[in-house]
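We just call them A, B, C and D in the order they show up, numbering each chain from 1.
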Amino acid sequence: MILITKSNDKAQEIAQKLDTNNPIKPVFVHENRVALAGVKNLPDSTLNEISQYIVETITNHHPAIVSSRDFHPNDSIIKTNHSIIGGNHFIFMAGPDSIESAEHVLEMGRQVKAAGATILRGGAFKPRTSPYSFQGNGEVGLKAHRAAADELGMDMITEILDTRDVDLVDSYTDIFQVGTRNMQNFALLKALGQKRKPVVLKRGMSATIDDLLNAAEYIAAGGNMQIMLMERGIRTYDNKYTRNTIDVSAIPVLQSLTHYPVIADASHAAGVAKFVTPLALAATAAGSQGLMTEIHDDPAHAFVDGAQALTPEAFSQLADKVRKIHDIVAHDNLEY
Amino acid sequence: MILITKSNDKAQEIAQKLDTNNPIKPVFVHENRVALAGVKNLPDSTLNEISQYIVETITNHHPAIVSSRDFHPNDSIIKTNHSIIGGNHFIFMAGPDSIESAEHVLEMGRQVKAAGATILRGGAFKPRTSPYSFQGNGEVGLKAHRAAADELGMDMITEILDTRDVDLVDSYTDIFQVGTRNMQNFALLKALGQKRKPVVLKRGMSATIDDLLNAAEYIAAGGNMQIMLMERGIRTYDNKYTRNTIDVSAIPVLQSLTHYPVIADASHAAGVAKFVTPLALAATAAGSQGLMTEIHDDPAHAFVDGAQALTPEAFSQLADKVRKIHDIVAHDNLEY
Amino acid sequence: MILITKSNDKAQEIAQKLDTNNPIKPVFVHENRVALAGVKNLPDSTLNEISQYIVETITNHHPAIVSSRDFHPNDSIIKTNHSIIGGNHFIFMAGPDSIESAEHVLEMGRQVKAAGATILRGGAFKPRTSPYSFQGNGEVGLKAHRAAADELGMDMITEILDTRDVDLVDSYTDIFQVGTRNMQNFALLKALGQKRKPVVLKRGMSATIDDLLNAAEYIAAGGNMQIMLMERGIRTYDNKYTRNTIDVSAIPVLQSLTHYPVIADASHAAGVAKFVTPLALAATAAGSQGLMTEIHDDPAHAFVDGAQALTPEAFSQLADKVRKIHDIVAHDNLEY
Amino acid sequence: MILITKSNDKAQEIAQKLDTNNPIKPVFVHENRVALAGVKNLPDSTLNEISQYIVETITNHHPAIVSSRDFHPNDSIIKTNHSIIGGNHFIFMAGPDSIESAEHVLEMGRQVKAAGATILRGGAFKPRTSPYSFQGNGEVGLKAHRAAADELGMDMITEILDTRDVDLVDSYTDIFQVGTRNMQNFALLKALGQKRKPVVLKRGMSATIDDLLNAAEYIAAGGNMQIMLMERGIRTYDNKYTRNTIDVSAIPVLQSLTHYPVIADASHAAGVAKFVTPLALAATAAGSQGLMTEIHDDPAHAFVDGAQALTPEAFSQLADKVRKIHDIVAHDNLEY
């Protein structure tokens, strides 16, 4: 349940009073709201004691209580060194699928920065369908990625696959990325919940909206509320012409339920470069607050997923159109 | 197989020569191209006879041969009394879900026309999930719909459910609509293939892109190539917050494969009014060449599907944004 | 709502009294139960008048009221000239996909009869994905099919595609079959509701359990309650190794909700002959009350769907195992 | 590629010769077959050197090369202290969803053992959708589980969620279980590949057959080939009456492609106790080589998933029918 109290101070006070130190019934405070996770109702005696400080009680909130608009009505704004994410801001995360070399990631970063990206993406640990595919360059990749981001004045985002690597990756990256296959790797989500660093959580291939919010809640429950949700295409009955089916409706639906920024990855949704642009434009028009895009200057020789990589030029043209569309829709789709 | 000949005249000549009058192996001509449906290759003797007139032979075309870009590389443009559909044109089809009364459809038509719609939609025969739901006003509805369209100078579009009603509906409407549940009602598609009037074919709930093209081909095979394809949301594993999942990727994918105009119905995709606008904008950004939208001035009392109806005011605001987005994307997404 | 009355006579009496002759609010009687379709509650004055004859009132029934167990608690048993269908009976419908010739259907019928089939299947009107595929032999096929069934002392079942063909097909067949693509062709379902002849209704490719029951209700609402429901595989995200995904859970779920016999078509579910047997056995173990199986003595040269046809020998071996499994599960799965 | 050599010795010799020590191109030997993972073809000079020892070369094998029938044509048989798994053997894994107490798991174990189970299931680490649900009793649960298994002379199986827990869980369990949400947690799969202990790998909610085989290959690539695959229901468009849709076709399809035992979990597929029995029977009839079933003596008060738990009595009755059906189908469905 959520209690709306008369003041921020009262919220803190009541939270402390009601906290039972039960690990699956934590208590959270946002401004004048107190969230009692896992609690359906309070004993009458308790309610009587605090009722004079309570403006409203909400019990029909989403089970992902911290993630819900009922707990946090305004948009979450996440600030990193080089980016402001959320609300009516729009950010571009772009870069190669995998870190191939220090030179390559630097050059790709330079080009996407010129097109407007402030966050440089790239994978050092790659979750490949087959164990016999290139698995990423590991820490060597992380170093190169960090160096490129520093040189260019960009934020770094990279995927984390293993709880044992959290501290290692943490020592390099600005933003953690949890991939679609690990959306319900709860051990990993809990570990990231202990960090105080932004996390991009990609929607699982067949995750419902509720699944995604509950997964985000695993991170938030640890106290880390710097979360971005990413729509990247879902699995449906038809994948002949595109790799996945982008679910643009997830964008406004999520924004109506949660305060976290919602970002789209049109590259994995499309799976083929020629459809990345229309899908990215569609996601923007649906209200996406950012885009993640894979780019490569020589897609045919990319180490991973070259078929879906945009050239830097195509990305630059895409970014121009995206900004125009975002200007048209920005204020409207966020009125939840 | 498709033969590209040296001239339009030669195409006609060769088509006549090769036509075997086999009903499942018809021959079609578009400009200098001859489509031999159901034919994989020709005997050497025949090929030798005509080879001097053949520029190119295409055998890896889509099985929906008439519908394919290989047969008809340029966009199909469909002209009705009040609308030009296809290419970089953008049209609005709007109106109430069902024809409730002569006054109501006229008033709704007036308002959507003011917002830019040229095609007035409305159902007289309604395919309801339950037999105990309102089934539409039948011919009374058709008459009222026709009268409103005439008075306003708009085109009329209405759904056809039964082969036995084709002539009746034909006597009223300007455009036939085939609904999602009848996408593979091949008897109905064949009957419409005998007409020379535009048909909107809605994608089935779990129809693949190929299924949709093959269904369109049933109409085209009868000689009626005035076809529009409509994406209206597909069935996926998550329908808690929206009725269906709009597949915006279907829009550029279809446009890459076929010359028919592709139009989106965000109303049925969303199922709830508050998500119709972002989905309609997304479909437009993905390259949709038109929108079908359900509107109602009193959604709470609509006979059918009030939950997803936009008010006329909301539709008008939507249309303004759609036009702006269409201007940004128009030329690009059609470069297939 | 459903009223359980004190006697069958009272049920008739009350039904007549409450019938408003509103076509979408029909009244039905089964033994001592009265179903008031489309009615949520009765005025108090009416209730008072009849309350002394009412044992119980049910309002939380399935919307497909006539099809529900609340209206008709015991299993429906359908009797044809050569078959008893429903309850703990098990029937085999088998034969070629399409009627290829009089000799062929007779020979196939002879072999499936020897294996235990009492219903001879075969298509004269074929709903093919492409208009350029063989569309069936039409009335010539119907005649040959009828002659074979008569000669062998079997029931005939064949698919109906078009409302305009209902009387024609009716003049030949013993059982109508509505295919997956027409499950929500409501005009066709209504036409069959006017007949008094059994109908097999195949589940649509992405029809929910509720969709299927509501579609059946379209037939029942016309007064024809001789309905069999057929699970034939649904469309999911994986169709690489089988054509569809057989949903065996639909069998007990349907049986818990409706009194109609539930039958499985493993041929279309599998799509390849080598998987037909395990799927047919699975459906039987899940409680299916019959099987429809496509057979062909020369699958490689079958006119339609040869890949999924069992040879008559394989069918005979399958039927033996099916009978053994049915004996093990017969009494249990029907205890709903 | 796979090389079939003239003898087991030659296979070893050739394997050593061709091994490049490239971690994503490992070499495996099974009897007289050599699997060269990630290798499409060999240089002519190499082929010439070894050609006299090669009987056949297979290049169209499944990418999950070690898991494929091409590499390992006969069924894998896995032997634990109390169970033989695979081939025509049939095993029951049963027990409570979570380890609630030492007494409870012992009593549940006693009852399932009496019904024929040799493997005692139970969760100490629970992957719950919400962080505010009971997360399992951790090591306390593992200890109680181990004690019960030892006292009863049964094998223990429990779920592993975190790479950091692999050694801890290894010190207690006989069989590792990887749940549906971690099917593509490749870090975890790799860690289990380093163990020499059986692993049950549950199919992901929307994993294709190929995804599942490739995930298994992550374990096998580490040298641990004691793998069982588990079908537990997939996510489809309809989950109103059952929690998931059991895909029984996966059973024979997997058995045609891989040598690993395939087992079904009807409890999670059904989600409600009344449908567990028909689904378990169906899976058995489809050829499943075992069943995992959740049981509880007081389902209404189970800590987790009580709705789908069978009572011990219902499980005992189920097991009797399962054995009868397995006898009917055992030899046939395995003839791949």
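Here are a few things to note about the model shown:
We adopt the following convention: a residue touches a chain if its C-beta (ideal position, glycine included) is under 8 Å from a C-beta of that chain, and two chains touch if they have at least 3 such contacts.
According to UniProt, the chain labels map to these proteins: A, B, C, D = 3-deoxy-7-phosphoheptulonate synthase.
Every value quoted in this text rests on a predicted model; they were computed, and no experiment measured them.
Following the contact convention of this document, C, D is the list of chains adjacent to both chain A and chain B.
Relative to chain B, the most remote chain by averaged C-alpha coordinates is D. When the interfaces A-D and A-C are ranked by how many C-beta pairs touch across them, A-D comes first.
Mean C-alpha positions place chain C and chain D at a centre distance of 37 Å.
In terms of their C-alpha centroids, the spacing between chain A and chain D amounts to 33 Å.
Mean C-alpha position of chain A lies 48 Å from that of chain C. Listed for chain C are residues 206, 235-237, each touching two or more other chains. Chain A meets chain D in the complex at residues 24-26, 37-38, 63-65, 127-135, 161-165, 181-182, 184-187, 190, 204-206, 211, 214, 217-218, 221, 235.
Residues 206, 235-237, 239 of chain A touch chain C in their complex. Contacts from chain C toward chain D in the complex involve residues 206, 208-210, 234, 236-238, 240-242, 245-249, 251-253, 256-257, 269-270, 274-275, 277-279, 281-287, 321, 324-325, 328-329, 332-333.
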